[in-house]
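One chain, chain A, appears in both complexes that follow, with chain B as partner in the first and chain C in the second.
Our next item is the complex of A and B:
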């Protein structure tokens, strides 16, 4: 990194970061502190109308820890997140590998298709997918119904939790695979052709070449992409909210985001909502730590 | 099987995957142009025969689209301008200076970048409500800038670091002031970075749903994503008019797709740069 030794005193960098620091404190810092304080208060409907909020220490957290509903939501969110991220990574890697073995034209067509899917705004993507999975006139049921012996006409995907989350997962995977495929493809193009040819001459099969040469070389990219997917698949509030609009708003269809939203809006229980929010932040930061460390290394390089 | 036929087979597979992947996008546009009578049928129509614009006129009829568009434009412009300005200054600080607290600042920026809206929106709602800024451009913009500025700083830091400080020094030896050297040498070289970061900020602010949902409760203050959701909900109270919903989705999506295609390369490399270069 090329730095200029500051000549006009050491004040310059501090002045330069002031606006960013101020906006971060206003938009993130203050809410974060409020949240920590509120998570240790009883802050319900009465407090909305001006009653002072009593300090209750870790009571909210204890209530949460002993609440089976919360643990169901946490377990469901983590399961959704891990499964979705794993499938996204697998499909993304396969598509990236596919890009390396096809003609230039085919690769370009595949890349354009992935880019179009990637660029869709989440809300618009959700409306299209809900239309595709529509019970009566959706294309998905129509196509599945054409398979002999499959009776999918009027099958309501959003009416049971399992199929509801399967649909949510398919949509999230569809939206996330392009980023994974492009990142891993970028990593693959760094693998030297000569090394691969040498291995081939020495009799290594395609799988062996992947296992022993390609995989170790792209491991850092895979690690980072997997982490980002895990973090991003925890924040699927928009997707779940839109699917609940089309299906059922019952608690059986909640993940952490919608659960917090309902605690804050319908139940007006800000103390508990804050406590769950802190849990979400803790999970995210724990997951991010490795990523942040790798970026810091880049900063110091 | 020869290498040639194998390449051919893989290419065919890639094209099939491409068609499947792009299908939802195609289906949105296709349905947007199909007349309602065709969409009512139980057999889907895969091509826009008898294309019509009636879905678009229907979706735009009550004018609420334009009020949401105005709100989205106001918020997005505010976010892009201030985000670029703040991030630009901070990026200069961390890539051109070594100073006490630099590392803490960088770590804070990286952590904030990871925080999910779901983990903070209740607190942000209470804060914005307490200062009376619900349903305002300012309230949402402050939260958006804070959410987007970290990644923008990170992206610009890479660009600034890529421009050798020696270039500026040389210009100063030739008689330019430090500010002059910066404006004439570094700033023009930074232009691509500013464009990429600006489009990134644009996409984030334009597409955001979660924070907007809690901070813009009244219908008159809706942004486009909220408008689209409301449009679907309103339509679902009768028989959902999928033609109009798809026309509305197309209107929201098309500008985003165009901007996205401009910057996608930089977005990928920005997120995983260190890992790809190894």
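Our next item is the complex of A and C:
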């Protein structure tokens, strides 16, 4: 891309990005501005019904910064998102590698299976998952219980935070692996066979070929996929809220998404909810910043 | 180039802000005849909905659209829809305990002048009171329900137990009935709507008004006494998960298809649960479902006994109904209110097991054991605090969290102090 030097004084590129910028501003700009303004106001139910909102400056942020509950939720969300994204990436990469070595039929079956998982609406998939992990009649408990010496009858997966988030993580991974697998598979098809063959002739093992040839070549794909996964897993909402409906509404089971939702629409404190949303935006930008900087460096190199 | 772009952004932003500002002003009555009614959950049976539509059409010539909202996300939908004249339902059913929150911010129209025509003094007083602000009526009762106990006569008799007359007798009986596979009394750890009965029974409260402000009173000695009793009962008698809230306990009192035995000897449930309790047989119309037929030899009801006998005050379930202040069809909405509070409709509510708003028609509930238990438990029932921020307290999940931790075996006094602080931050709106 960087081989063609940009010419000065040409307006066409700017004109071309106008539609994208306008759509972005109209779609994202307004909510974002509203969010910034609201985060500096005392904005509750009375304001929602037309009362003027008093400007409180950074008061909401100060309250948040000194609230241990928020920092617990932030830490929990980051841990959840990093772990889930890492496992998703690992499983997705393994499946992509599998696609390159199996027969055409097997690959097709694998791809169709992944596509079905990918295209399943979240709410429908969640309903089935919740049934699978049901305390009384869930298939998971039924199967585990059949293993001799394992007593899982009536085990309630959703009743301790650790098992709750383990289930949530499994579900999120199941939903995002197809995207990762397909993206990385697409990247893998671009790795030239000659290079791999040459390495093989030189005696490189499968793992060495992956580590020293394939991985560096598809690094940009892995980087963007990992970044997207991190962002998606940080703002995961539907899965958590549906699991909470099936389990507990207690704050111990909150991630950032459900925390903001409870604060805003359920407790009707839109000012504070906006302030937390700004924090999430900041975390997201911080995450992406590393990626964008590394991209820029690569461009320069 | 840059300057021009910035100018454009500024203009667009200004336009959006101006547009947003407009929506806050309440509209004048545009006199439309086509209105929308929101009902909560499936409590209003189809026959009643059809009746309302037909009557409304013949009274006004307009169309009544009834939209059902889920209880679980109703609070957020009301918060976003009610202020907006373009999207607000015209008439809306709300959980009775949410009335103070919405009336205090002006979400509903003042209908004080209409009250005498709708039933006046005959309307359920506690529900009328909770829908009032400064002496003006905004939300009126729609129907009331109440919670009472369903028990397995066969299981209780086999253990040689009689229906208890005091709350501690009940605790002892329930503990005796617990086995590895059967709860003596099935109650979820986070189930605060039923759990508060133990607080009320001991003379405690969730919150009290002190001058102009509401204060959470979980640390009150009487509240603590109730919580201690509940904690012991949960530990000794219930196999329900500590994370379970208000759920569908009747699945536990019916025989489990796999074992042929019930998983609970006793449950507490809203009166209409009796339609789901009984001997199970396959539904002839749909073999994936079963029908429950009440069997007096196996199942019975009693009212939760008080500390010194009599009936314990339980949570008064039910709904209020109000006209959205943002509705453009105020006069048509008032017509619908007249139909809802008509003798015919009130009787239909009673015949379907829903306590009618107008107590003159309470006998339409019938005189079977369910009607008797409903009336007996409703007589002493209590509402949650009429504080402006109560809906926020409910929405925040703090009560589920608190009751879950108490029933999980936590230190009641420390927890009560902690959650008093948390609830105080929300309760005054």
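Here is the rule we use: the second predicted complex is superposed on the first by the 253 of 301 C-alpha atoms of A that agree within 3 Å, B and C clash if a C-alpha of one lies under 4 Å from a C-alpha of the other, contacts with A are read in each partner's own complex, and residues count from 1 in each chain.
FYI, contacts are C-beta pairs under 8 Å (C-beta built on N, C-alpha and C of every residue); 3 or more make two chains touch, one makes a residue touch a chain.
All figures in this text were calculated on a predicted structure; none of them were measured in a lab.
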In the superposed arrangement, does A:10 touch chain B (first), chain C (second), both or neither? first
Just to be sure I read the superposition right, which of the two partners does A:247 touch: chain B = first, chain C = second, or both, or neither? second
Please work out whether A:30 is in contact with chain B alone, chain C alone, both, or neither, and reply first, second, both or neither. both
Is A:238 contacted by the first partner chain B, the second partner chain C, both or neither? first
Comparing chain C with chain B, which touches more residues belonging to chain A? B
Contacts for A:266 in the overlay, against chain B (first) and chain C (second): which applies, first, second, both or neither? second
A:156 in the overlay: touching chain B, chain C, both, or neither? Say first, second, both or neither. second
Touching partner for A:45 - first (chain B), second (chain C), both, neither: second
With the two structures laid over each other on chain A, which partner does A:135 touch: chain B (first), chain C (second), both, or neither? second
Looking at chain A, which of its residues have contacts with both chain B and chain C? 14, 21, 26, 30, 34, 245, 261, 263, 265
Looking at the complex, which residues from chain A come into contact with chain C? 11, 14, 21, 25-26, 29-30, 33-34, 44-46, 48-51, 135, 156, 158-159, 245, 247-252, 261-263, 265-269
Hey, which residues of chain A end up touching chain B in the complex? 1-4, 6, 10, 12-14, 16-17, 19-21, 23-24, 26-28, 30-32, 34-35, 38, 95, 98-99, 101-103, 105-107, 109-110, 112-125, 127-132, 134, 136-137, 139, 142, 174, 177, 179, 182-183, 186-187, 190, 217, 220-221, 223-225, 228, 231, 234-235, 237-238, 241-242, 245-246, 256-257, 260-261, 263-265, 270, 273-274, 277-278, 280-281, 284-285, 288, 291-292, 294-299, 301
Help me check something: in the complex, which residues belonging to chain B touch chain A? 6-8, 10-15, 17-19, 21-22, 24-25, 27-28, 31, 39-44, 82, 85-87, 89-90, 92-99, 101-102, 105-112, 114-127, 142-147, 149-150, 153-154, 157, 161, 164-166, 168-169, 206-207, 209-210, 213-214, 225, 228-229, 232-233, 236, 240, 242, 245-246, 248-250, 252-253, 256-257, 260-261, 264, 268-269, 271-278
In the complex formed with chain A, which residues of chain C make contact? 1, 5, 9, 12-13, 16-17, 20, 24-26, 72, 75-76, 79-80, 82-83, 101-102, 104-107, 190, 241-243, 245, 391-393, 395-398, 400-401, 404-405, 426, 429
